[in-house]
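Next come two complexes built around chain A: one with chain B, the other with chain C.
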Partner chain A sequence: MEIFVSQIMTGLSIGSILLLVALGLAIIYGVTGVINLAHGEFVMLGAYAAWFLQTQFGLGLLASLVPIFLLLALFGWLIEALVIRHLYDRPLDTILATWGIGVMAQQAIRLTAGGELRYVQMPESLSQSVNILGATDSAYRLFILFLALGLFALTWAIYRHTNFGLKLRAITQNRAVASSFGINAGRIYRTTFAYGAGMAGLAGALVSPLKSVSPEMGTTYVVDAFMVVVLGGTQSLMGTLASSGILGELSGYLAFYSNDTIAKALVLLAIIVLIRFRPQGLFTARLRA
Partner chain B sequence: MKSNRRSFLKATAAFGTVSLVGFPHIWSKNSSLAYAADGEIKVGVLFSLTGTTAIIEESLNKATIMAIEEINAAGGINGRKLVPVVEDPASDPATFAEKARKLVLSDKCVSVFGSYTSASRKAVLPVFEKQNNLYWYPTLYEGRECSKNVIYTGAVPNQQQDDFIPWLVEKFGKRWYLIGSNYIYPKEENNYCKKLLAELGAEVVAEEYVPLGHSEFSSVINKLKAEKPNVIFSTVVGDSVVALHRQYHAAGLDPEKMPMASLTTSENEVAAMGGEAAAGHFTSAPYFMVWDSPENHKFVDAYKKRWGGDKVTHFVSEPSYFQIYLFKQAVEKLAGSDISPNAIREAVKGQELVAPQGKVRVEPENLHSWLWPKIGQCQADGQFKILKQSANWLEPSPYKAYPNQHCTAEGLKQS
Partner chain C sequence: MLARTKTEVALYAAVCVAILLVPVFLQDAFLLNKYARYLVFGMLAVSLSLSWGYGGILNLGQAMTFGIGSYCMAMLLKLKTVPVHTGADGLPDFMVWNNVTELPWFWTPFYSPLFGVLAGILLPAGVAALLGWFVFKGRVTGVYAAIITLAAMVVVQLIIIDQQAFTGGFNGITDLGQFDIAGLTFDAYGSSSYYLVAICLTVTLFLALAITKSKAGLIVQAIRDEEDRVRFFGYDVALYKIFIFSVSAAIAGLAGMLYTIVMEFASPTFLGVPLSLSVVIWVAVGGRQSLLGAMLGALIVTGVQGALSESETFLDTWTLIMGLLFVLVVLFLPQGLAGAFASLARRFERQRPTPPKKPAPHTEPVANGREVESTR
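What follows is the complex of A and B.
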């Protein structure tokens, strides 16, 4: 029983980290169609921002979450304004450009912050473990789980219930028609890109106390994020939520009953098989073509 | 200087050539002198400054450069300055081989200091064997290699484990959980560990490998909770070490009941995981930054002065530093015209030196080093407390897990 509960919590915890990392990517890809290979570097920059705010200004992790979101959103906004907006409808070029931005971000961090692993402190109030149905779990992991769900709900609310969200959905369905109704697609895209980058930054900051902070940390996250988005369906927020949960539980269980190496291979295999029979992913937005 | 028949013959021959031709500069085209032309000795420095392992290799580069600067500031080697040729192999084994070829063939370096990972050492090995040059490898590694073109100054499994494993079994118990990153180094270390555990009558409850760079250990931690081993023997490397410790700590596991015993957790990793996550766990290595010796105080002070007060020295940067001095001692024995990779290898055999960790020696048979294993327990301030040092320096036996193989000066022998 104890182990069973532990395993469910583990799966949820892995899933929540996947959700955090994938959310920004899903929004950017779902709305603008840009395959953002620099997404992992946005995550990495968020982690470094947490480290920087902590070492330079003595700001705790919780207090720095809002500044980090704003910083990374600003960064995303600039990247969109300077590079991405010239490359819409040229998917191959955006892949190359975002890849290049990622490499530059990595090297810039290496040159300024140095190559060594960095340390971000876990908030004192969340560093103990708590008891759930006889199983102990890290309070910080639970905090990430709830925060990830909260951020998802916020994103969902913006998407479904605001004027901005309405325009967003209109553009996603048909950009030309939406533009002819007076929606400024360029501005919506830029805001979306900034929001996605901000989310990625938050993800980086939040995982930094559990994992390590290094200039290359983004590479693994971008792969995970793409797996989530591809499995969930590229235009469905609910799909992102569901597929994070599925992948989290699946890799948690497989790793428990075999080991992490095999779990990773099997999960990847399962996704490949699924994509073969359901290329659009598990969930699809209903569109009138 | 000891004079022997060979150097006498060489000197006579040289004198004869000079007096016969009368133009010393023609003689300077002699290939062996090319290694020490214009009062300079070129050496290669091959540590990754970019890519995944740059995190650690940068510090090895720094220790190497510092030793070279110190030697030059003190007048060089017999008046000759060391000129480091620094290349960045970018954490990629293929690039390692390419840069090694450049250093040996086009820069004509007489030796190259480099590598952290075994993969990169294996990649450059053919270059050094084919060109008969010398590679100086400072990292602790899995052993099971016998090359006359590599000088190994890091520990091999028997040096890290012979004292460590029995000590842990006695102190904590006989149920062991082995976890490592999925590549050759952890597997070889575990091979040797299992051999020792079997002799001690201890039990391996699980042996598991995670992918390189893995950072999600929650399932592993659940398994630890279920198995309740006495000791977790960890050969997880790089940023995974940091993730494993932090998640172990966050999950509320207790190092007093289930400590992690590691061969790869140094001050470097501890700085990144924070003292609270590292405290209470054990590492076995020949060197710790807190080691109390005049040579080490000098090394640590110089390192901080040169590279910044927040920098740490650790069990791979220390050999990176002292191996340059071994190189110096070997070259000092040679006349300028004799400086060549071959002559340096012969000269370094049996060389002794008081390194920061203690007095080390290059074993003439297998070119590995005699070292001083220590057991350290990590403290909340991020430094280790040294609990035990081996009674004597320990012989390197790179094939100890394979009793019928022996590394000798003539190569690998089967028995």
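What follows is the complex of A and C.
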């Protein structure tokens, strides 16, 4: 029983991190159709922002979450305005441009903060462990789980129940018609991109106490997040939630029972097969073309 | 032959002659080795230009076939050293360290140099054909095809790293013999290897040019521009895509083999994401729809990188500049430097005083290689 519960909790913990990272990517891809390969670097920048605020200003992790969100949102806003905006009709080129942005971000951090590993302190109040059904789990991991679900709910509410969300869905369904009704598609896209980038920053800040912070940390996240989005379907937020859960439990299980390298290769192969046979994802909301 | 084709061939020939003449003026073994390495990258760029610029298939895993070719050559050259370097049962050294007791079945044919060289070209082509069949028969295009090529490369790289006993794992295959053919030995630090690379490059460049001018090559370009229309004409679109994808892979495999000869080892980094990204950058900067442009792009970028690599800070800053340059090229010069030169030349021609009364037709470069499909 204990092993079972702790196994499930491990999976949920991995899944909640996946959800945090993938949420931003899913929103950006679902709305604008841009595959943001710099997403992992947004996560990395969020983690470095947490490190910087902690070591330079003594700001605790919880207190720095809002500034980090705003900082990364601003960064995303700038990237959209300077680069992405010009590429909406060239989807292949957005891969290249965002890749280039990722390289630049990585290198800029390496030049300014150095290439060595950095560590972020966990908030004092969350550093104990909690007992659930006989299994112990770190309070911080539970906190991430609830925060991830909370952010998901917030995003869902914005998407479904606000004026902005309504415009967003209208543009996703048919940009031309939506524009002719007076919706400023460009502005909606830019806001979406900024929001997605901010989310990525939050994800980076939240995982920073669990893993070491390095300029290269983003690369693995972008792959994982992309998997979540492909599995979940690009149009459905619920799909993103479900696939985070599935992939989280699955990776926990695979890491427990087999060799890490082969597990990674198997997951990639699964993605290749999935893209080939169901490019629209497993959980797709039907949309009118 | 069209006048334009004639100018093109003359231009290609001039560049190739210049490349072949380098060792006449330069005897420094170290520099020759470095330049030979750049030429290999140039060949790799040509191969990507063929599939991306002409076929419209953005292969983010071009290093996969490059790496397979380089491992084939490394296996061949490793077996040449076996009687000398290892005592135990004539096994390569890393196999002895990993307690392998007999040569695995897929190593034995590499005792034959002919098999090794053929495998270095045909194996990458075969792998690409298989992947192409899987992807293009399912009508997977654009962004998704690009992601699949990337994932496939990482899978192959992970397998090579994991199977340490048979591939040397992280360390790769080192301590190689020298390649020889028909009594000629190719020393990595000598003009012989440089000539080998330069001649192979010349041959592939003209072969690739011939393919792009052939009927199949024209159909491939038509598919790039309007895939559905070509399909409605009754052509088997997937088959043509598989064709250009495999040819590109074969050239990449050849480049990989030459790289092993020049570097004297093979490593899993040859199949890595950083190299693959670099190839895409070279081709984008040089101009993906010009074979010569792509090749020169590779020579220029790697050349500058090599010159700056003397100092650590310069190299770091260079990576930053490279990223910026790449983003700018994607934004403002989708056809790369070659495209910019071509449109400059056209403008120059139009301004000459001789043109007839009728104004020259507006010949802006068509926005090729652009994806027509929407991702939603």
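Just so it is clear, the second predicted complex is superposed on the first by the 271 of 289 C-alpha atoms of A that agree within 3 Å, B and C clash if a C-alpha of one lies under 4 Å from a C-alpha of the other, contacts with A are read in each partner's own complex, and residues count from 1 in each chain.
One rule holds for everything that comes next: a residue touches a chain if its C-beta (ideal position, glycine included) is under 8 Å from a C-beta of that chain, and two chains touch if they have at least 3 such contacts.
From a predicted model like this one, the values you see are computed outputs, not experimental measurements.
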Partner chain(s) touched by A:Arg85 [first = chain B, second = chain C, both, neither]: neither
Contacts of A:Phe277 with chain B and chain C, given as first, second, both or neither: second
First, second, both or neither for A:Ser6, with chain B first and chain C second: first
First, second, both or neither for A:Gln107, with chain B first and chain C second: both
Which of chain B and chain C A:Arg169 touches, first, second, both or neither: neither
Touching partner for A:Ile35 - first (chain B), second (chain C), both, neither: second
Partner chain(s) touched by A:Gln121 [first = chain B, second = chain C, both, neither]: first
Which superposed partner A:Ser212 touches (first chain B, second chain C, both, neither): first
Which of chain B and chain C A:Asp137 touches, first, second, both or neither: first
Touching both chain B and chain C, residues of chain A: 107, 110, 259, 261, 264
Chain B-facing residues of chain A, complex: 2-3, 6-7, 10, 13-14, 17, 107, 110, 114-119, 121-122, 127-129, 136-138, 140-141, 209-214, 216-217, 220, 251-253, 255-256, 259-261, 263-264
Residues of chain B that touch chain A when the two form their complex: 49-52, 54-55, 58-59, 182, 208-211, 213-216, 218-223, 225-226, 239, 242-243, 246-247, 249-252, 268-269, 271-274, 276
In the complex, chain A residues that touch chain C: 33, 35, 83, 86-87, 89-93, 95-97, 99-104, 107-108, 110-111, 172, 219, 226, 234-235, 259, 261-262, 264-265, 268-269, 271-272, 275-277, 279, 287
Chain C - residues contacting chain A, complex: 58, 60, 134-135, 138, 140, 142-144, 146-148, 151-152, 154-155, 158-159, 161-162, 273, 277, 280-281, 284, 316-317, 319-320, 322-324, 326-327, 330-331, 334, 369-371, 374-376
